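Structures are listed in the sections that come next.
First chain A sits with chain B, and in the next complex the same chain sits with chain C.
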Partner chain A sequence: MKVMGAVDLRRDKDSSVVLVSPDSFPEAIKATIPSYPHLITITAVHIDGGIELIYSFDNLRGEMRNIIVRLPEKEASIQSISSYLKGSYIYEMEVRDLFGVNFLGHPIPSARLLLPDSYPTNAPPPLLKTVSLEQLSRILDEAQRQEPPTMLTPVTGSSRYSVESLVILPFGPYHPALKEPEHFAIALEGERIVEAMPRIGYVHRGIEKLAENRTYLQVLFLVERVCGICSFHHSWTYTMAVEKLLGITPSKRAEYLRTLVAELERIHSHTLWIGLLGYWSGFDTMFMWLWSARERIMKLLEMIAGNRVNKSFITIGGVRRDVSDEKLKIILREIAEFEREFRKITDEVMSYDPLIERVRGIGSYNAETAILSGAVGPVLRAAGIPYDIRKIEPYGAYPEISFNVITGSRGDVLSIADVRVRETFESIEIIRQVIEKIPSGNPVPPTFFTGGGRDGEAIARTEPPRGELYYYIRGRTGMKTPYRVKIRTPTLPNLVLASEALKGYTLSDIPLILTMIDPCFSCEDRAIVYVGRRDPFIVKLHRTPPREISGGCTL
Partner chain B sequence: MRRRYGNMVLEAIRSLLRKPETLPSKEIERKIFTEESRGIPTLIADKCIGCSLCAMTCPSQAITMIPGGKRSIGGRVIEIKIPSFDYSKCIYCELCAQICKQNAIEIRKDQDPIIIMKNGESR
Partner chain C sequence: MSYPLPLIPLMVLASIIAFLLLSFFFEWVERKTLARIQKRIGPYFTGPGGVLQPLVDFLKLLSKKELISEGTDILLYRLSALIGVIILAYGFLYIPFFSTDPLLSFEGDLLMIILVFILTSFSYLIAGTSVRTPFTLVGTSRLIVQYSLYELLYLSCFVIVFFQVGSPTISEIVRYQEQSMPLIIFQPLGFIVAVLSLLAKLERPPFDLPHAKQEIAAGWMSELSGRTLAFIRLSNNMDLTLSTLLIVAFFLGGGSGPMTSTTPILWPVYFLIKALAVLILLTLIEGIAVRVRSMYLPMRLALPLSSLLVVQAILVIGWRMGL
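Up next, the complex of A and B:
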């Protein structure tokens, strides 16, 4: 087992980095996929007058291989690899939207994934370094003013289905069965789903672009807002990448405290999801029971960090506040209480036949489909693949903690629910060990890191409740801000799997199958800040000019 | 089956006697700050030397430097700028207070945080 540090990809002398030319690129990919079947993501960087694409693969055992190919800035195009790996199409669409790279042979050649349909086709792609925030703000402003919101008729690949027997049903972006805005073009034959094509981006906030305009420390607070549930994992993964880039080592106690908060986050996220499973299958009591049990964990998080959601707990080089021994004792006591409650509820609901009958065999998929779609987290583990970053690339306090990677034997809603229930118990055990083994010392760095970056790049991965989270950071010496921050959230690849798993099921199964992956559409969209309160329809990707000062510093 | 019915009855009785899980709105208003929560940044104007460190660090760019009058620093009298907080942007992260070397920003919990209202006003 190799622990990936990956500070400066190119100086890494082992075979984890392969630089190829666009011509030999298809060969290199073909040779890589058999041994590295998991495509983590495609990272694009606009640098030195060209676009660099980094294809990051994993062999499902924690060894990474990065295939890097350089394309010219103008008319960049490259072969699509979606014929080898189905899941790659969604990353290719992301890069196409944000960097304007053309992927030859892409299954959905013209549709957008993230950018609004009103974004002019002749405008420069937003993530190019030559596009400033002000320019982007202007482009979006004008586009929004000129037309009525064209986002209501999103373009997906559905035009391919002009067969008469098929009905294309637009599902979302606003639909009673969806809690967050996303759109699916669903091809139906009668009641059966033949294909589902996702269109996301309704809550795209431009976080990656904003991150290039803020200091390293400020970005930490920005990325924490990528997702409201895995907020800590986002700030942790970002911090880990920055620490690798700059060679900072946090203290042992800080690592333990980070692990503690991360596991509490996993427990509350899993509990939330199991509650939602009840909600979507019409078992509202189950939803209320679990959410009230979850409240105990939320209070613990508030006690530790001061905040329930965006915890602001971590900082580069450590954590922002220590947790006293008394508080650790309270956590132990409360977690035992939670365990008792959670066990009682899950024993009851998971043996309740109507629920089991409703979810068994729904949205079923096998390990191969999961791997080809690039699925991660409990979704992949339910199909029997023990892919857990905490185990294969240990970080934080995980190297010193013994725990099991929970897997299932088949992929469907029931099996995923089972994996999540067992993982929650495993997390409780991890928390007990963390509190037992936590070293003493001061986890708070004496001064906060406010400096800039240096030349190099770093990758960090963690295992949030929804599955592998990936951050890539490129720094430049003398730059206060990161040169590039790439975020790959777990929902994006899992969405590909969910679209696959929908096939063959009926319309009424859609909410359950979508819930199966525990989707977080905000976190895969991230990135537009809405300002201008007087005219709510003005969109600005902002740094706003200072507003008129309302006098003094009191409230 | 019998056990299940027993449990149901027990659970119902327990729920009847228990405090509600959610807080009544009055209690929420009283409970805005807990012991652990971070509070509201306010300036102690006499201590500030106008170094702008807080404004440069603030993650949500909620601080603007405004003219703060004359101050004598190190024997010289100079015009300084002092921070002004835009509380509708502030995320109450406490970073400014921790970063200020002069301890000129005090975190207070005796006032309500600003809540952005629907019509864009704040209170």
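Up next, the complex of A and C:
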């Protein structure tokens, strides 16, 4: 059976794959963008003495087109496509950092994004196959010992602003509004935001590099730790890609149980965000109420999987433990109780005028901006685009379950909040259907998967609470470890949109606008640098202070 | 009623201690009430029902290491904490908490109280300006705007009280209410304005802009730590206590109630009960508040409040002139 939701490249002789030469590449891109406006990501693979770039596009209806171009290993360079698609510049910077590919005509020609500032410029790019983990560890260790810690000295040479009227406010890396380390230099004129310059990358863990050094089963537990909130979706997407690559089919019951846990995870993530909306707008009571309601879901997850956060529920070929009928009954009962409680709270807070007035029209954007920035998930759906992987490319038990894709009418904080509230109720309905329709059988595979890979590649996409999650896996026959694992988390494209939406609003709105995308900076951890409107700010960013490095897992 | 001279220092000391304890108690009531609104438990372990928690927090902060950032004006930094606490403790001596006659009193001590509040705001201000980092800068500028708007509104309420009573002496105002009725009956609008502007003046939600943690970390308090933070927090609590007590004295008739003329011990009891009622009212507003956006601060709230106050003033003056 073909695993739903996964597209196999080349092996199926899929028509969605186009191989082009570097010379004809710009024309191919130009011809693709009008019908495939959503750039999912750029995947780079160092293989057979060259670098392969895979540009994955989607037409927002589930049809993918992958444009593949091969570059030489030494001094690889290619035309940047950021003039056609604004959101692509982040992916290009990521590839430039990790593979040393030079993008001609890139709006930010030299800035570092993902690597620490102390990473030597003459050192080899870390994700090349010729670079070992030990070598990376040594490079970083030496570089960080030599680098003196310098603190933020924000702006030099900005003739547009008189110095007196401009305050550069450091927002992060450690800030009460941000759950994770992230830095924004915010230029304020009075209380109004003139520019916002984000920088990510403080907790870059090099998971993609680590994944190439572990067996298929070990990587499952590694990718689960990419994100603390949608941890199950990461392991599920990875598993889906591996099952597609190796042709393993999980049992029906396993697919239903996976869907069950995934939807519970969506409910807890959305409840968490709606509560945080209260926190960010200075309404602590709402925050406390919603988080206490969420506790019920966390207890359910603990009952099902044994863990609250990193559930480790899924395994290649099935799930790790079955859920008994008694437990399913408890879930039904508890979810009804949760629904009553959640409906009561959201009815009250979403009709509370001071809150509505506080969030309506904040951070507004339109559908076109959202698509060009590559936005995904509730952020895109709030602008009216019904882009939901569960519907357009059904996986798990979703093909057999009826549910609606929730969309809003305009893009702003209120609309996104409304979409998330309605999606939570939709998830509750999905859970009811899953429990009603769940088939019997044994969802647990007899042994854990211990085999190796085979030649081929697979793409898997799922819809975590924050939006489309993308995994690309390349295997090699005879290798116990994956040859390449590429992860694209939803926050990265959404952040492009958020920093665009910040301009013109006031300081009081920063927490709301930055967090309307439900950012998960540590999931993506990649850095981006803001492009100025006319003459760009020259921003010296926080340097990583020297630190002791032990073991091989430093990057 | 006047006290024998040798007793006065002792009574001042006793009053100040009573005031400090009252401030800690008020903080506990506020925290506990807010916790109940938010479905939490609140202070629990220290003392019965956690009533000693604010005191323990204060003592613990005193023992913490103090970090003073580079470029701090040490004189202003130290002075700010002292001014706030001392001035407010002094202000308490003018409150008729234990009987109709406060410990210290003179003709026109209403003006004295106004001075106390202005100096307290001044102490916050110099605490904010003594350290010049981006967060304190933005926080202090918000603080200045907020205080200049709402401190004025709060104090203007007392001026209207003065219009009606005709005496700028606190004990006269309380006695006036004892003989007729609490002023809230005559000046409900003045009471509403006083309560709302009190929240703004004390930086309580929804007016906690100067230290809105989601936006500017701890705002003007970002660089405070250890002892200084302990004292600034204490002075903010004392500010809350004193302002609440003043509202009780000016609008709710102080400690007057049934049988106070025969048993004077009931006076502070009634006073405390009324103050707690005002405090719980304040906490309820805090609990359901969504922080206002900075740009709405002057227009959306100060304007309607001052209009209310003008209406109240016209009514009171009209009544005085026998219209």
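Rule of thumb we're sticking to: the second predicted complex is superposed on the first by the 481 of 555 C-alpha atoms of A that agree within 3 Å, B and C clash if a C-alpha of one lies under 4 Å from a C-alpha of the other, contacts with A are read in each partner's own complex, and residues count from 1 in each chain.
We take it that a contact is a pair of C-beta atoms (placed from the backbone, for glycine too) under 8 Å apart; a residue touches a chain by one contact, two chains touch by 3 or more.
As the structure is a computational prediction, the values presented were derived from the model and not from experiment.
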Touching partner for A:P354 - first (chain B), second (chain C), both, neither: second
Which superposed partner A:S281 touches (first chain B, second chain C, both, neither): second
First (chain B), second (chain C), both or neither touched by A:D325: neither
Contacts of A:M303 with chain B and chain C, given as first, second, both or neither: first
Which of chain B and chain C A:I168 touches, first, second, both or neither: second
Contacts of A:E191 with chain B and chain C, given as first, second, both or neither: second
Which superposed partner A:D48 touches (first chain B, second chain C, both, neither): neither
Touching partner for A:S292 - first (chain B), second (chain C), both, neither: both
First (chain B), second (chain C), both or neither touched by A:D509: second
Chain B/chain C common contact set on chain A: 288, 292
Residue numbers on chain B that touch chain A, as the complex places them: 7, 21, 34, 36-38, 40, 42-43, 45, 56-61, 64, 66, 82-87, 91, 93-95, 98-99, 111, 114, 120
Complex contact set, residues of chain A against chain C: 167-170, 175-177, 188, 191, 278-285, 288-289, 292, 352, 354-355, 358, 506-511
Chain A contact footprint on chain C (complex, rising order): 37-40, 134-135, 137-138, 205-206, 208-209, 212-217, 287-295
Residue ranges of chain A in contact with chain B within the complex: 214-215, 217-218, 220-222, 288, 292, 295, 302-307, 310, 312, 320, 348, 448, 450, 533-534, 543-544, 546-547, 549-555
